[in-house]
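Sharing a structure below in structure tokens format, with a few things to ask.
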Amino acid sequence: MEKTRIRVRKYAKLKAPIMIVGLPGIGSVGKMVAEHLIKELNAERIATLYSPHFPYQVIMLRHGGIRLMSNRFYVIRRSGRKEDIVILTGDTQAITPEGQYEVNHEIVRFFKEKLGGKFIYTLGGYSAPGSNPSNPKVYANATSAAVVAGLKDSGLVFGESRGTILGSAGMILGFAKMEHVDGICLMGESSFLDVDPYAAKAVLVFLSGRLGLNIDTKNLDKMIQKTAEALKELERQAPAEFPMPGKGDDKPPSYIR
Amino acid sequence: MEKTRIRVRKYAKLKAPIMIVGLPGIGSVGKMVAEHLIKELNAERIATLYSPHFPYQVIMLRHGGIRLMSNRFYVIRRSGRKEDIVILTGDTQAITPEGQYEVNHEIVRFFKEKLGGKFIYTLGGYSAPGSNPSNPKVYANATSAAVVAGLKDSGLVFGESRGTILGSAGMILGFAKMEHVDGICLMGESSFLDVDPYAAKAVLVFLSGRLGLNIDTKNLDKMIQKTAEALKELERQAPAEFPMPGKGDDKPPSYIR
Amino acid sequence: MEKTRIRVRKYAKLKAPIMIVGLPGIGSVGKMVAEHLIKELNAERIATLYSPHFPYQVIMLRHGGIRLMSNRFYVIRRSGRKEDIVILTGDTQAITPEGQYEVNHEIVRFFKEKLGGKFIYTLGGYSAPGSNPSNPKVYANATSAAVVAGLKDSGLVFGESRGTILGSAGMILGFAKMEHVDGICLMGESSFLDVDPYAAKAVLVFLSGRLGLNIDTKNLDKMIQKTAEALKELERQAPAEFPMPGKGDDKPPSYIR
Amino acid sequence: MEKTRIRVRKYAKLKAPIMIVGLPGIGSVGKMVAEHLIKELNAERIATLYSPHFPYQVIMLRHGGIRLMSNRFYVIRRSGRKEDIVILTGDTQAITPEGQYEVNHEIVRFFKEKLGGKFIYTLGGYSAPGSNPSNPKVYANATSAAVVAGLKDSGLVFGESRGTILGSAGMILGFAKMEHVDGICLMGESSFLDVDPYAAKAVLVFLSGRLGLNIDTKNLDKMIQKTAEALKELERQAPAEFPMPGKGDDKPPSYIR
């Protein structure tokens, strides 16, 4: 395998879909939210992305199977709403700079050209100096001034995050802008925990409201806490998070989890 | 040379071949078993794989010759059995992540498309906490539930190995699954020795029984011990094992030798 | 994105343009001069270069936007002079050796073939033993003996710089020579400051005189000092400079900033 | 520039040429011999090789010029002999494993297909335990048993060198074998000096005798000593030697200089 490839199980005819991207990163914020949504909303897998820029190893499954590392596209069909939802999650991000450019551009092209996608939410964490983990803000950066203006009263914090967004959460947004698809990166204020359910909850609450998702808010704290424990357990068993490739990491003035 | 290439000496017409893959790795388990089988069964070389993702050096031969680093395909023709055997061994694995994807996929495609291959055994080691090196188990992970079910009473240990399988032993299985060829990874329980003849013996005994190979079990201990000594001698002279490329190695929860 | 690409906003019909290249490097000499010229002369952006060999991150903008890392071409149209000016600056250089070859050759080809370019100035710094930072010389190396001869009485110091010129300042000149475009690298004598406005001023003064640019010399010291302070502030916020890729950096006998 | 390219100044019609390869490496043995031959025999340059796998820097020349790093082919036409001589030397070797495969194969293909080449000598150093630097042997490894047999009484030491030959001295020989061109690697016994004129002399004396080159043996010691001093001076000014890329270097049981 020399190029990133996406295997489609079946081509879903989707209504003007938006995509939620939650891939591994420090804090596991995006992945935790994506996996929570997939489970809660019974999302259906429609495609799998493989790449030679992923780690060169296979994952051992519980009952004696194996699988290649992958990113996976899920779908939630919605009645009574004008947009369906695509969720992207997976085992890893690309582990080289060139791989990040290839894989993330491929994801945007697939979403736009094959699924007819209209808007992208990428999820991550943001570490602000003196942040308060128990009541985290959601920082945001978007592809256009129009998106920022349209979310003026949403409670999102625009224009206070500084520096760069590393990896898929940033690059997918950059390629969305290049391909004229609007999008936004939602960053839960995070306090350097390996797994940060507080930041994940803040992002999930915003997304649920924004998309009219019927998720029981009362149970959220318990669920996220359980997810957090499960992820910690998983971490001992499987490589839930991969280190990002080297350059530019040395002294980041702030960073995405 | 910019791509992996396989030079075929002669196209053997093979009966529904299975392939045994024993390439270098920590412990040399796979390579030891593969070389033992080649010698004992007088296997014949049919093809050689070269790759720009191998180390950039040539091996000095005993009588003043040289050769490029390679992987090599051998054949054992079997009368009275319905399947022939292909053995793959060599000097090295690919030394970059992208190289691992290219070379291992190429191996699976060659085996399936050019040799008409039906099943793949990859060989390695597995380090379990508190393992007992003198009477090692053989852990296993397979491409499908059907393979696991078919080997229920074989003595193999399914579903107890955790984490990931690094390098060719894992990636070849992953690509086999992608290309709809069944296969299994046999991992001798290993205790961190550079060269582990105990783990190799456990794997060899299983394979011999499974494939009906006529290998003198009484002599096995002595042979493996001798192989082990020879490999240690070889190690001082030639690069029998190459370090695996970097990413993802940092804190593996368990690993393949 | 798998290849470097240049997006042209509009094809300017230019008069025999010369190009000034000021990209990030140690000391920020080139970038400081390029940004100063762009602001002072109201240069207009005509094209943007993206590359998979740039860092895999997006820059967060002040008002909540984002953009991919890029190099940018600006134009200054000049009445009463026979040559227009193109200025190239940007967020980063390529971060791998192969990337440096691809991006810098692409820049030279674009300038020659699409813009009809005639001459290239690359800007950097040079650290000489026992240098005097407060009154820095401008060292220079050119693509041909004719260029050197033509600048004999210009005050530039030829033939005293030793070693190699790393990165774009050197490679763009190398590819210019390969493509038969003349050019010169101007290196302000530098004293190892992270941001060196003295070296930048020396280069800017030479360029202004050479190109007949109407830049107020009296205000220059203040401006550069302010630029220096602004860059130091920016440094805390954004990755104005990227480390150069690894090989060959170990013991450079002298180097380009 | 994305691929290695060879620029031919003029296509020389050569008589069944042999090629001598002396590129940078530890000890500078090969480069020293190649440069000595080029100067002594007034060799004429016929082609230049550039590669994106070379270091990303240009060399500053004495009179204010610059040039890209390169490998260079020279020719010595011989009357009264049946073979002409091609000499390959240069500033560097490829700095990545994949680059080594691309560049060295390209060199062999160019020599065989464009120049009609018949035989290749690659030059290097070999460090044997307890070696005697003042009277060094010349170790050798060749592409075929026939070459070894034909040099039985030549004074070369076959079959005593162990391990691998790193970089161009080995890889060019490996690709020569693959392309059915015979060749040999001559390794001056070396004692870990940065610049080893003793090893260089041993190789040069053998080559001169073998090829019937008219080189004053009495002046050789002085010349090599001078070359050695000059190279040491050059080392302070220019990157005469580049470190080899990483993998496989860790614990070489022996190595090529």
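As written, the chains take the letters A, B, C and D, and residue 1 is the first residue of each chain.
To be clear about the criterion, a contact is a pair of C-beta atoms (placed from the backbone, for glycine too) under 8 Å apart; a residue touches a chain by one contact, two chains touch by 3 or more.
Worth saying up front: this structure is predicted, and the values here are computed from it rather than measured.
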Interface composition of copies subunit B and subunit D: same or different, split at half: different
Equivalent-chain rotation between subunit D and subunit C, CA atoms, steps of 5 degrees: 90
Farthest chain (mean CA position) relative to subunit B: C
Averaged-CA centre spacing for the pair subunit B and subunit A, given as whole angstrom: 37
Approximate Å spacing (C-alpha centroids) for the pair subunit A, subunit D: 53
Residues of subunit A touching at least two other chains: 245
Chain contact graph, described as a line, ring, star, complete graph or other shape: ring
Complete list of chain pairs which touch one another: A-B, A-C, B-D, C-D
Footprint of subunit C on subunit A - complex, ascending: 94, 97-98, 100-102, 104-105, 140-145, 148, 158-159, 161-167, 170-171, 173-175, 177-178, 185, 244-245, 247-248, 250, 252-253
Subunit B residues within the subunit D interface of the complex: 1-2, 50, 52-68, 95-96, 99, 236-239, 242-243, 245
